[in-house]
Amino acid sequence: MSQELADLHAMWRIRVLEETILRLRLDGDVVGSVHLENGQEAIAVGACRRLRKQDAVFSTYRGHGWALARGVPPEKILAELLYRRTGVNGGRGGSAHFSAPEYGFYGENSIVGAGAPIAVGAALAAKFDGSGRVALTVFGDGAMNQGGVTEAMNLAAAMDLPVVFVCENNKYSELTPINDMVRNPDLSARAHALGIPAVRIDGNDPAEVAAAVGLAVTTAEHGRGPTFIEAATRRITGHYIGDAQTYRPAGELEADEKNEPLVRLGQKLGEAQAQKAEQRARDEIAAATERALAAPLTDPSTAREHLYV
Amino acid sequence: MSQELADLHAMWRIRVLEETILRLRLDGDVVGSVHLENGQEAIAVGACRRLRKQDAVFSTYRGHGWALARGVPPEKILAELLYRRTGVNGGRGGSAHFSAPEYGFYGENSIVGAGAPIAVGAALAAKFDGSGRVALTVFGDGAMNQGGVTEAMNLAAAMDLPVVFVCENNKYSELTPINDMVRNPDLSARAHALGIPAVRIDGNDPAEVAAAVGLAVTTAEHGRGPTFIEAATRRITGHYIGDAQTYRPAGELEADEKNEPLVRLGQKLGEAQAQKAEQRARDEIAAATERALAAPLTDPSTAREHLYV
Amino acid sequence: MSETAKLTYGGAINAALARSLDQMPETLLFGEDVALPGGVFGVTRGLRKAYGERVFDTPISETAMLGAAVGAAIMGRRPIVEIMWADFMLVAFDQIVNQAANVRYVSEGRLSAPMTIRTQQGNAPGACAQHSQNLEALLLHVPGIRVAMPVQAQDAYDLTLSAVACDDPVVVIENRTLYAGAKAEVQIGGQIAPIGGHRLRRAGDDITVVTWGAITSSVEAAVDATGVSADVIEAVWLNPFDTEAVLASVRRTGRLLVVHEANLTGGFGAEVVARVTESGVPLKTPPKRVGAKDSRIPAAVQLAREVLPQTDEIAAALKAMTR
Amino acid sequence: MSETAKLTYGGAINAALARSLDQMPETLLFGEDVALPGGVFGVTRGLRKAYGERVFDTPISETAMLGAAVGAAIMGRRPIVEIMWADFMLVAFDQIVNQAANVRYVSEGRLSAPMTIRTQQGNAPGACAQHSQNLEALLLHVPGIRVAMPVQAQDAYDLTLSAVACDDPVVVIENRTLYAGAKAEVQIGGQIAPIGGHRLRRAGDDITVVTWGAITSSVEAAVDATGVSADVIEAVWLNPFDTEAVLASVRRTGRLLVVHEANLTGGFGAEVVARVTESGVPLKTPPKRVGAKDSRIPAAVQLAREVLPQTDEIAAALKAMTR
């Protein structure tokens, strides 16, 4: 299978996973807040294929796809959202705050920007533990305005720590356009100012993402510290389920849907290949969903375990 | 009196005030932590002479000189440190956390970086209250690594608020060199990255400071938002009283003492003028000290007043 | 001039904010997504349109938002800032505890910070540990900050206005599970009351139940289900807290139960128990608290139920104490 | 192998940190000014030299520091991070409450965060309101975080080691007025105890006094001055709190006084009173708390004295309660 086809398939897996979660949410099997990453799949897919086993990903609440791209089985993700015993955290994390360290996925975070300093800590550990770990943290454009993110970037820069900062710039923070919230829409400039090599890339192209992350990993591996990647993308779904997206200017969503990574790469590879990639993803996720739904709910009597050792 | 002589005199007032405080502290009249700004006087003096009555200064714990330059009578500052009824806050603020709003001095802050967002709020108020106020906030090089400062700068930039951010870059945060804590020693780059006009100036030259602040005030007045000024300086005393400054490389302090603003401007103006400026300052502060020491201590029975309306 | 309107809890807050913006020209209203989008829960809908630039959206910068509120308040504005979830206060807690709370006291009354922080808290089905906490106790240990916690639409309206009119910092803690509930008659336009006071939700003789927040309805349900004759005192204001009202009730009933959704240990229930027992009011039975079992909050609904106080637990306590 | 050394409180902490760095290769020690300068109070002096890059200085970035501790701990390091003043935790409280505290629980035990936060708190003469707070109650309302508060040099040594060895986040709250006090014999090198327990500072029959932090010495002074026969229980561990020991003592004495330097309302004293009174242990007199009077802390020494609990106030309470 060509790399492009592999990427397309990996992106379809995420898309179908998210569609499935949406359906489960609307059906009431999944409850509470759910944040989908439809349209942004190329970043997780491009990045994760350049990460090694020893690397660690720290994502936001919009993290299902990152977990999947990192290798977490879809069944375990779905089971988590369905609060099953087989979920990665037995349902304690839920959609917005689960982790699966055995797959190098160190967790979502529902506090905007809070994962960045934690990723820096994982990189700090690497300085001493001989793991060769690179820590990758992903956050949104809006998170750039959370002070802790600047603190984290500066600490990583000052200490030459092996971190990759990935900013998924989807142009919105919830319902608010980033360009109304900053003077300088070039967010990578902030990393530059801290002395961090920074690039702005097309986040809807998995190959471009992979190239940038690959370089960042090499930079980190060689002790040259952090890299910042601003990946332009668009979410083609609401921020949360139920978000009517009235804040979008007329025509924007339609344009975004034409430029979304699955459409783009699908057109490039042709309908036949694209359909095959999609179908394989659908079959896999459907089977995973069935298994997840069949698993028993986590036993309520375990609710108070694991608070302390 | 020439502007230069006025500046020299104003700087001497601060120096003598700080020397007096040091003496009072060593004698035990003043207790607790005290942070002097010896060597950094040109920034407060240069900045405050370009501020208008309606403007508001927000400083750090190292704020005695800023208060003085803003027009707070030295007697009231000393009385504050001596916990007298005549102190600007009756001794509740003390050396590190006093304010004197009636002089446009909205207070010191002992939490690194915390004054910046508050100054932004004062500027926000100006947008609506017709005061024409410009808010000036001053903080150290180390404070640049406190996330809230970046947040504050971005908010001011995004909203075009009338704020002047003054970074007193004295190269140390307490006992730690800033250059060990950042990759890029040009701190103004961070403001640039946020779209804020930023300059790096000689903070030991009151005229240069006044020019930069003057331009910043004009920029703010005209609705063009914040300016960032990185003023290079050196403190020629310890961070706190008792700081042996063992962290300084050999010869540094001696070099700094040659380049300090009082020496520099004094040499330029000649010994006669310099001595006159110094003497006037000494006389004034001595008289103020006497009056402050003669004032009654704040009545302990008032300790619980003013917690709520 | 007072009239009534049928309003949801969210609608009542919206009405109170509109009135504040209308009648107090020094008010500002800001926060993430509050202006153009009208708030993620729709509570601030229409206010930007009606009141223009005094209502604005902010970056995701809680420290800057709260600091800006402090600074604007010091200068005579009356900012109302929304922190979308109480959990998010913690990225910027300094601006509340070390800044806002100190303004009046440290300046010896020369400055004040008439600001209102609107936030909402608590668990809702499926919410994760970082979106479920009940944090009022943290604020209640901080002198200089007032705290209100409305549950009924009328209180949401009244307390919001009292908070905005207060010349000290007030945190109004709302609850997102209530925003879109049933509409109720709300008296609007009346006099703005000073802060303070409580609401007597049930009157009875055998036990005093002190509670606050959304769990008040579970307490009412438990009282109604058990038929226990209980004074149910809802502490809509937690600072100032109406200690006198509680003592007067316990003096009559001789029994005290405190119920809150917050974690038991170190919750404000302990303070209520301490005040009552220190007072020496005679008790017929030891006082009791019902709160969340010391734990983080799991997302899984069936697990969260084990941790959070439920109606049957409250009912059992009522029965055991009055048996 | 245990031996003794004459150490100040600060020296005992230094010795515990040295031993941690020596015997636990996964430890890291960092914070503002802790490495090359040896700490603003000199507590970490010599450790950088002895242990190299595992001891390092950080920018003034509490959020990044605490977040880095969480991340490093998750990965198996055992970070010890210094927050210079407890007041400064508040700029980064999220990383403690929403991050560190959740790690073990939310991951269902797959991850843990064996990190130690060393900080110090309380008033010292002339300290301003932003450098004077006693904030243990905020931490004690957060499940998932352990809290220790040593006062004696031996405890400073022992508790620090127990904290570092603990596999959960622990906040060790020190006190700067103690660092450079008199030297005391300290047993060093013995077994590292598990966390938990209390210290009985005085033994007596007529009243139980529960206290913690630097004010313990005022309590001892008050007991000695009044001659009241008192059990003085110093809660060196506040989480886990030794409720059983307190109950056992009160069962015997029938009286409870709790003394802390922290602000009274919402302080952990309320929790102690609540636990004791809920237990139904018979009391001969209502329980009482002595704490700071609900206030910000003024810099002026003569004003701070009015607000903070003093020995004579404690003595008066002892006498009144045992009269």
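In this document, chain identifiers A, B, C and D correspond to the written order of the chains, with residue numbering beginning at 1 in each.
Definition applied: a residue touches a chain if its C-beta (ideal position, glycine included) is under 8 Å from a C-beta of that chain, and two chains touch if they have at least 3 such contacts.
Every value quoted in this text rests on a predicted model; they were computed, and no experiment measured them.
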How many hops, at fewest, get you from chain A to chain B via touching chains?
1
Where the centres are mean C-alpha positions, what is the separation of chain B from chain D, in Å?
35
Per the centroid of Cα atoms for each chain, what is the distance between chain C and chain D, given in Å?
30
Between chain B and chain C, tell me the centre distance in angstrom, where each centre is the average of that chain's C-alpha atoms.
39
Got the chain D residues that touch at least 2 other chains?
58-59, 61, 63-64, 87-88, 91-92, 94, 98, 102, 105-106, 128-130, 143-144, 294-296, 298
At least two partner chains per residue is the criterion; list those residues in chain B.
90, 92-93, 97, 109, 111, 114, 145-148, 151, 154-155, 158, 180-182, 307
What pattern do the touching chains form: line, ring, star, complete or other?
complete
In the complex, chain B touches chain D at residues 30-33, 61, 83, 90-97, 109-114, 142-143, 145-148, 173-176, 180-182, 240, 246-247, 297-298, 300-304, 307
Can you tell me which positions in chain C touch chain D when the two form their complex?
63, 87-88, 90-94, 97-98, 101-102, 105-106, 128-130, 133, 137-138, 140-144, 239, 262-263, 265-271, 273-274, 277-280, 286-289, 294-296, 298
For chain C, which residues count as touching chain A in their complex?
32-33, 36-37, 40, 57-64, 87-88, 91, 124-131, 293-296, 298-307
If we count contacts the way the header does, which residues on chain B are in touch with chain C in the complex?
56, 58, 89-90, 92-93, 97-102, 106-107, 109, 111, 114, 116-129, 131, 133, 135, 147-148, 151-152, 154-155, 158-159, 305-309
Chain B residues touching chain A in their complex are 145-151, 154-155, 157-158, 180-184, 186, 189-190, 192-196, 225
